[in-house]
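Below: one structure, written as structure tokens.
We call the chains A, B, C, D and E, going by the order they appear; numbering starts again at 1 in every chain.
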């Protein structure tokens, strides 16, 4: 008998593997009855998680940290995707911006409270600027292309597909996650209670996911077709989009290295977790949380992964 | 105030009533009784408080001082025992003439057939036959007034309060309706208080006429002793009728 | 139709007018002329189309067939030359009595002072002195009617169309107002068409009486030759007055 | 009787009614065709039509367009009908009962201006992310608008009509049904038109609640990917739906409140 | 004259008016205090009060609370006043002129149900991301609601009153001003109340437009950062603002439309 699991995802982001797993019936093969619940953005999933309306959620790392810092009992099971160039800063060539330092006095679109905001502050810091030296225009990603076209902003910092559209309209890429020396990505978040009470479901989910990752390595174009269809892009256009993202999907073994979530017991020193703590500092500095979480370890739970690798289900 | 009717418990009793609209006093220590089955006409200058008296009797408003009793019971709000023909007609615009007339039967839960029959009969009585399915806004002024009258007649209340019920109606129809009212009253013993500006009408329909003067002044009463059953032809030329008419006309002009 | 007035161009001319509400025919080939300065009374059964005739003269509705002329010019819509006292009063609920009365002066752009003076004078004329700042819903029925009359009088129109203008008014006030209307008419030469259900009123105020019968039937005309200036005391007892009254009463009853 | 004149007037009106959308459409065509604006922002009418036809043929995100339409229509329909009935009943009750009015005053009036977005988390908590939440979100705003309209409309009941009804033997409920309700109808019909507009414009917010079907979902999803022609097609579908509903209510209003209808002078 | 009875009735009403919010507050306290619901979703009243006080003392995102309030009040105020005046004028005009009605019909009625979210990109393109866009977004919805209300209200003008005015010498504009407008006032006042609710609930959507100030911004930002007590505080502030405006309009309505006021039987 299939085990039920409700998965939340963001319609506004790229979900190659999830769409593949769902449409190619990978979950069904693992005896999982998956309900996909779409949300426009990560923060919208937090109430649904808090109300136990969904069990697993694919989201950016940013809302996960805000939720956890606000006391939500959620945890990160793994980093689904790491993007080196998905988030980019594009500038209007007419605005006379050649370097980050030239941002001084300019109007820059970013989504306050999201990874783009965080990226922007990093960029400013690198250029020796403070937040007050520029005008941050708070816009949802979908509203940035019209604002750019209407000449309302000199630069925009956001992710695909909207940053790609802005670049198509002639904007020049000035910085990326990688060029700023940062990382970002999409993660699988779960309700702590769900991981605790439904270990079997989690294991089956991991099994299906591993199969999806493997299939992606083997036949990327075939795996991408479902997501390309969902976002209504041709195969070529979608390939180009993925290429612009430079997305990589760390394997399960890689999750437990210092580059991602760290080996058991050494999570706090892992690169991705340091990144999460950086977000915490950012939130505190921006006065969006009262205090940092007492224990960051609660946000990371790699035990299901460890168990999976120790004794993979047949 | 004397009456030709031996009154055990008066059908209507107004005792020492005072009433003011906001700061404007209209009635002061007004007292009069109406016997069961009696018809009393209220005459008097425009704005002297006649409609106000009817509103008090109907229970639409409460006196500031004094008391109003119906059959010896203090009045608390309106009731189906007292029907009112409003000076402004107060028809239900959203109902047809037939529905307006049958409204009381509908409220009493009577059958559709009964409602239709009553509507037809009463419409015919007031000369609105054939207009049962017209809406009030499709009627002339006088037709609206007759519809309002038919609506109250259909309810067969024990007390009828009528505020200038024939003011917008032509001479002939008026005479016919006056006779109808008298016939119905004789047959059912309905108590009637009606307001009119026509001395003829007051004397022809009323057993008693109360002539209101200036504001706050006690009304003067005139008993009408005309042979019953009254009929237009006979009574309009009766010497008593003419004498009383002149007497009231004189009294009015003395007031002024 | 003869008239005591030598008519060069009639003030009002109704020629072969037919009118129907939806499917219901009300007027058929109606024709009559009114001379400048003449007062014509319309008498007739309720619902026979008297108000409809006034509406046609006022230009509120257009005839289906035939024509309506004012001073020889075809009527296209209402105008300030023709004032109407509505059967339903049609007061502006949101204006005080004074504002209602002064409305025509306000529309004509006259000064505040003039407006106030007119309101005061006309209110006094119709017996509403002291009620200038009351709202219509604070008035009795008869007071509303008098306010409506005062509103038209203040406009000083050349033609006054009055739909049962004294129906809700008491005997004395009515007599006084009838005399006032006659006085104003004599002084200003206003042309008057008025509807009434009172034969006395028709004969006392009108130079000519048009008696409407059943629907679609041509009205019968009666000339009133009473000495001018008329006054209640003198004319009410004039033998011609009484004779004409009886004649019309008889004619009415023949119709039925 | 007045048929020929009437018919030509109807034709004239129809022409005028169509004139403005046609003019706007031409302007739009010109703007898009002459390149005044970038198509990415204001897609050409052709592009919008094409996306509409595409949705008609292939559905949106794998779901047929009819299913989207039916999902939204069902939600709005149920929410609107229930909300309107409850709102009118509560509004009339408030108009007649001082106690009911006083008790409902603060909750209703504080709730009314609250943006749907502010209510979404609570609705998820209380009613989940299924149909119930979506329907209730729309229902609530319809109810609150109808309550205001019905209560205000009841003030239009003539005092004499109420008195007449009572002295003709009408009980409280009968006065309600036969006098207060008809008197409130002019405002109730207006309220229905306004509430339908509100219901449709909340559709998007309600379909934020974990939806994967419906016109609101299409608009939202297409906006996220900046598929402007689809956003336009979805928005215009909502607009057309709203306009149809509005015309229906306006027509019904004129028929139901016939005693307010006046000669066309 | 009836002062003592009147005063005691006013007191009774005040008590009843306060009863329901107090009851709801107690229920909320109990729910939060007894742990019926997770505080992360439904924060306790204390927590909400604390965030309110925090905003009062330290502002939100570095901006004093008063600045936020003033920004929102300014936007809503300007948009509401302008939208209401334009909407009433257009609505009355539509009521009197068949041509105006026919021309405005389709654009207005198609626009009304369109969710603000669907308009945001176009507004950015046409009006930028400054105050203008924010104000226009609110203004549009106020205007459309007021147009419906005023037009429907004008149908309440009695034909005889219009005729009386014309035969007393009133020109088209004077009939408009002195008869049509007063007759439409009952519905206009209701329209104002509904439109104010709509204006406030669109505040959030409008402050999506590159805002960093305003109550809508607070609610949005706090929701993004999952700071539920602040969301509640912001939402309740909007609600309180709306309730105050609504009571003002209701009171004004009773005063202005005094001829509809009836004896309390």
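We take it that a residue touches a chain if its C-beta (ideal position, glycine included) is under 8 Å from a C-beta of that chain, and two chains touch if they have at least 3 such contacts.
What you are looking at is a predicted structure, and each value in this text was computed from that prediction instead of being measured.
With chains reduced to the mean position of their C-alpha atoms, the one farthest from chain B is A. Comparing the centres of all chains, each the average of its CA atoms, the largest separation from chain C belongs to A. Averaging Cα coordinates per chain places chain D and chain E 17 Å apart. Chain C has its Cα centroid 85 Å from the Cα centroid of chain A. Separating the CA-averaged centres of chain A and chain D is a span of 38 Å. For the pair chain B and chain D, the distance between mean C-alpha positions equals 49 Å. Each of the following residues of chain D touches two or more other chains: 41, 121, 125, 163, 220, 223, 257, 263, 265. In chain A, the residues that touch at least two other chains are 47, 50-51, 142, 145-146, 149-150. Each of residues 60, 77, 88 in chain B touches at least two other chains. By the touch rule above, chain C contacts chain E in their complex via residues 58-60, 77-80, 82-84, 86, 88, 90-95, 103-104, 106-108, 135-137, 151-152, 155, 157. Only residues 158, 160-161, 163-171, 174, 178-179, 182, 185, 258-259 of chain E touch chain C when the two sit together in their complex.
Chain D contributes residues 13, 16-21, 24, 37, 41-42, 98-99, 102-107, 109-119, 121-122, 125, 141, 144-145, 148-149, 152-153, 155-156, 159, 162-163, 186-187, 189-191, 193-194, 196-205, 216, 219-220, 223, 228, 231, 234-236, 238-243, 245-247, 253, 257, 260-263, 265 to its touches with chain E in the complex.
Every residue of chain A that touches chain D in the complex is listed here, in rising order: 8, 11-12, 36-40, 44, 47-48, 50-51, 53-54, 141-142, 145-146, 149-150, 161-162, 165, 168-169, 229-232. On the side of chain D, the complex with chain A involves touching residues 38, 40-41, 61-62, 120-121, 124-125, 128-129, 208, 210-212, 217, 220-221, 223-227, 230.
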